[in-house]
Amino acid sequence: MIYLTRRERFSSAHRMFRQGLSDEENMKIYGKCSNPQWHGHNYVLKVTVKGEVDTVTGYFMNATRLRDILQEKVIVKLDHKNMNLETDFMAGKVATTENLAMAIWQELEDALAKEGAILHCVRVEETENNYVEYYG
Amino acid sequence: MIYLTRRERFSSAHRMFRQGLSDEENMKIYGKCSNPQWHGHNYVLKVTVKGEVDTVTGYFMNATRLRDILQEKVIVKLDHKNMNLETDFMAGKVATTENLAMAIWQELEDALAKEGAILHCVRVEETENNYVEYYG
Amino acid sequence: MIYLTRRERFSSAHRMFRQGLSDEENMKIYGKCSNPQWHGHNYVLKVTVKGEVDTVTGYFMNATRLRDILQEKVIVKLDHKNMNLETDFMAGKVATTENLAMAIWQELEDALAKEGAILHCVRVEETENNYVEYYG
Amino acid sequence: MIYLTRRERFSSAHRMFRQGLSDEENMKIYGKCSNPQWHGHNYVLKVTVKGEVDTVTGYFMNATRLRDILQEKVIVKLDHKNMNLETDFMAGKVATTENLAMAIWQELEDALAKEGAILHCVRVEETENNYVEYYG
Amino acid sequence: MIYLTRRERFSSAHRMFRQGLSDEENMKIYGKCSNPQWHGHNYVLKVTVKGEVDTVTGYFMNATRLRDILQEKVIVKLDHKNMNLETDFMAGKVATTENLAMAIWQELEDALAKEGAILHCVRVEETENNYVEYYG
Amino acid sequence: MIYLTRRERFSSAHRMFRQGLSDEENMKIYGKCSNPQWHGHNYVLKVTVKGEVDTVTGYFMNATRLRDILQEKVIVKLDHKNMNLETDFMAGKVATTENLAMAIWQELEDALAKEGAILHCVRVEETENNYVEYYG
């Protein structure tokens, strides 16, 4: 088994809040991350897939193909978007990095399996000091 | 003369658009950066000041004091904010990195002069691939 | 299960040596890292905790709370300190990165468990070329 | 068990292609990475070893010794070389990052075992956006 | 005046040597960088342009337009190429970072002037430890 | 004129204090940086030299030669040392980054001139958030 990781980036607006709670209640839970006027980040996404190397080609999945799938399934839906309002796979969810990583996993798992790659890890970095990893 | 640089970070939502133009016209000029639903970035701010080193203390301005001024004058007004809607010194301006760098210069110049430091450069990095520098 | 990592930094002086050995003997084992006059590093600490995401809040532990615990339990005891002479949890230990990572684990495990977070990994980076990971 | 990682760098020329195929056929499979005139990268190698910490010395393997083994067994054979033409352990292999990581594992496993260190992971980063990990 | 910098990357093979000298003589001057079998790097290019901000648009040159010019004039001629053999603007020159930076300046100056931007600096980073800057 | 920059690193212990003042008085001026038990940093040094490119060799100074001079004149005197107690060119000076940058300039200027290179800038980075530049 070998593990291949591709790094992509997206810049999104978001806000952490729970529907049904007032802005004040959300501020108590999420602090400044709940600002009703939004804020945003340069997110870094690292997706790791695993597979057996084909001895003829020397890989199990072309890194360019991995990049294209990440772009099509994830990045175009998040980059220069408001993830609360515009990203279909985040609809109705609190826009935490944790929920984002799990939602990205759902978007990618089957598409990668069709390429013969097993999704191993979705890592989402929100700032240089915080990141989340999900292994399914 | 010696030059001292302090690096700070802030995460903001913004949108590039000109008042008086339609969303379509703004999209023609600014592309996806004009998304009416906002997007955001982890901005990096690097402020360089210059001065003559005091031979007794070994510096002309304490880096901690520089940090405090940047925090008070700039970062609290931008971090986890929507710079178009909430940052006083960006009111009525197109929220380009260029305008942001020049506005930050205005906020800092006098406050730094009172400390005996000459503002030399304001650098604002919007992504790992783009940044702007202003020297007054 | 989801994994959350927080990055913190501290700047410490240290020296690697074993009590009971002469400076010459320590230099044979630890080389320049055993300099009796001390040297120091900008250490990077990355602490990873794991837990089940609460579907209501969208996380299992607030990253700000994680930061506060790291600051209180670890960073204040190491930053701008001499870890051999001033850091209680390093007393009597050789100040290797390995021992440092294991000692930090001891300081954090219970405090994090009280927050409902399982400590997964303590990573200590001494330079850009060397780091150590401890998983308990 | 504790994990120690050492980072090294090497700058190599390479080309991905399969012997027996024409340049055109190789370009179909590997794209621009198959350019017959070569291209190159600043590779980053991260090798992780594991072991039980010796309570007397505070480590299980000196990081300097790990560096020396990586230099002797791997870096001198790749740095400022053409890995297709000059690196013995890549002879006859497609020069993918995957094959490179597995070949480096073979070069290192026994040499590290002689030092009492168990090889845990070989990570090869080809660009800032792509890397491969091999765990044996 | 405001300064805008765009960062791009390219991966090239090269070799430093002077025509008319033997491989041995070239190795004396350029060391391992003169390896006749080639080596390569992930180069980083940072191009800085300057201009007066248009008060209506908030910039003097769109960063996307700057990126497109760098791609068209420079990156496509260097990325995944052998700069000695395939890059027209390096023909007949020793492939030092210094010559590369000066040649890139020549390629860009007029194209940028047509956009109303004054080329200020071409910076080429060969490794994380070496870079060259040219100001015309 | 072209500008060549070389990056080197050193790990030192230091303390900021003025002789003749008590520890308490020094703490008032320099804060935690004045800890009498020392602390330390991974410093990054970037030295920029300038010159006219020799059209025959393609450079004005070999980057390897620049590295060797930095190592011999500066790095060996600072790396894994206590700069207050062991670095000759810091004797009697407050160990600020400002004084360090100016002292390094003195150490390098003549040695570089003998190589035909004009020293342009000494940059010393103390942490990822603070650095100082000196231009003579």
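Per-chain numbering from 1; labels A, B, C, D, E and F assigned in written order.
One rule holds in what follows: contacts are C-beta pairs under 8 Å (C-beta built on N, C-alpha and C of every residue); 3 or more make two chains touch, one makes a residue touch a chain.
Keep in mind it's a predicted model, so treat the numbers as computed, not measured.
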item	value
Touching chain D and also chain E, the following chains	none
Chain D and chain B - chains in contact with each	A, E
Comparison of C-F and A-D (more C-beta pairs in contact)	C-F
Chain A onto chain C, rotation angle from CA fit, given as a multiple of 5 degrees	120
Chain at maximum distance from chain F, centres defined as averaged CA atoms	A
Type of chain E:chain F copy interface by residue overlap (half), same or different	different
Approximate Å spacing (C-alpha centroids) for the pair chain C, chain D	29
Mean-CA-position distance for chain C and chain B (Å)	34
Touching two or more other chains - residue numbers and ranges from chain D	128
Every chain pair meeting the contact rule	A-B, A-C, A-D, B-E, B-F, C-D, C-F, D-E, E-F
Of chain E, residues touching chain B in the complex	1-8, 48, 53, 56-60, 63-64, 67
For the chain E and chain D complex, residues of the former touching the latter	9, 11-14, 32-33, 35, 37-42, 79-82, 85-86, 127-128
In the complex, chain D residues that touch chain A	16, 18, 29, 31, 93-96, 98-99, 101-102, 128-135
